């Protein structure tokens, strides 16, 4: 997501309680990480390695929904956002564990595992920032 | 979802740990409730009532993703499923609260609020069943 | 989709040019057929039969998008709707052809092929109705 | 989409009839343009400008589905792909026309209109390339 789109979003976002203290670059990184994980998992899901395909499809759908809801923070509460981030982290963890097991045999699985790990990291960073904003 | 589709699904599902003890009708009801909530929230999101539209879009996307992952239980762990159900419940709660406030002015909001409530109930029932299955 | 939801939708829809002449039951059947095809294709895509899985995933996504846009006819023109219906028919055709080849070995493929066929039929009926409405 | 992901995809893609002659950079640009249009339209749909929101939601869903199917070319025929590209172009046209009318009042609408235009251009380029590949 480019910085002009972020500007178009952030005026709405700043009106949410606690959101005025948020670092928009953390949000931007999290949306980009979700988008990258969706793409990597979608590609991986079609490679027909032994077991990972349904995990990858689940992960792609969850990461996509997470990305979209971050673009619509007006339709969100901090509590619901936290719960969505937990679900994304959980789903990425399942997908990553499975794809990591095939990483040596398949470039698609390796990239999927890496993208899931990056998405988990970005979601955790987002959670930390939200917890700080709510506590402040 | 009709019962023949459920039969096509359930042979895979029975292979998941703990899943052999599950009541497939609870799963079926939960998928149907997610599908109905997605549809009601999608319709409601286009009515342009004051504030509910972004909540409805978020809710529609989460309910859709929840429904899809229930159709792909092979790509799931009990923990990730619990976390997804929590996120769906949280998102339906946000959407329902907002739409309930417009229920007297808008038929679409009233139906959306009812569908969100039914989806929350079905997700909680699903969680209870899974907790029992894992504990058994 | 139940009839109360259709009522909530149809007041908006009647305002579209040509739409006041439409038979809402044809639209309702088409949305239901898209939803059923999405579900059948999603289940089928996880069965890991030889070749159909990527077709089924493509078909599920297209049918879902078709269903959603029919719920948001305010954001549509007759021309764009026709084009979307063509894409749904084309994608269902590809998925059905592939799944039909596995129909004897897999209940999921058989149901997917049937749901794709029903979705194609419903989309063609919808196209015919729209062509009549535009011509009138 | 980064180039390593494209490499992971392209080995499958090269096996499709006609696809061995395709310029993968055109495909990559088209997927990126679809992804950018989905994001811009999703943001724009929540701004509650007078009329564009349902168009933007329709456009976001179609662009997303287009992107995903380009990642799963194994599950595609040239004819179905052409039809999907036509639907994406048609939907982007509708959304762009509406958002262009609000471009002076809303940064989100301006960016959405630009992203839709870029997506249309990329889809047309993709169609040209496919037509050449099939004809060759």
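The letters A, B, C and D name the chains in turn, as written, and every chain counts its residues from 1.
Criterion: a contact is a pair of C-beta atoms (placed from the backbone, for glycine too) under 8 Å apart; a residue touches a chain by one contact, two chains touch by 3 or more.
Heads up on the chains, UniProt names are A, B, C, D = Aldehyde dehydrogenase.
Model, not experiment: these values are computed from the prediction.
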Same vs different contact residues, chain C (Aldehyde dehydrogenase) with chain D (Aldehyde dehydrogenase), by half of numbers used: same
Higher-contact pair (C-beta pairs counted), A-D versus A-C: A-D
Interchain centroid distance [CA atoms averaged], chain A (Aldehyde dehydrogenase)/chain C (Aldehyde dehydrogenase), Å: 30
Inter-chain centre distance, chain A (Aldehyde dehydrogenase) versus chain D (Aldehyde dehydrogenase) - centres from mean C-alpha coordinates, in Å: 22
Residue numbers of chain A (Aldehyde dehydrogenase) (touch at least two other chains): 46, 53-54, 57, 64, 68, 72, 74-75
Touch list for chain B (Aldehyde dehydrogenase) against partner chain D (Aldehyde dehydrogenase), complex: 45-46, 48, 53-54, 57
Contact footprint of chain D (Aldehyde dehydrogenase) on chain A (Aldehyde dehydrogenase) as seen in their complex: 1, 4-5, 7-9, 12, 35, 39-40, 42-44, 46-47, 64, 68, 71-72, 74-75, 107-108, 111
Parts of chain A (Aldehyde dehydrogenase) lying in touch with chain B (Aldehyde dehydrogenase), wherever the complex brings them together: 52-59, 61-62, 64-65, 68-69, 72-77, 79-80, 83-84, 86-87, 89-91, 93-95
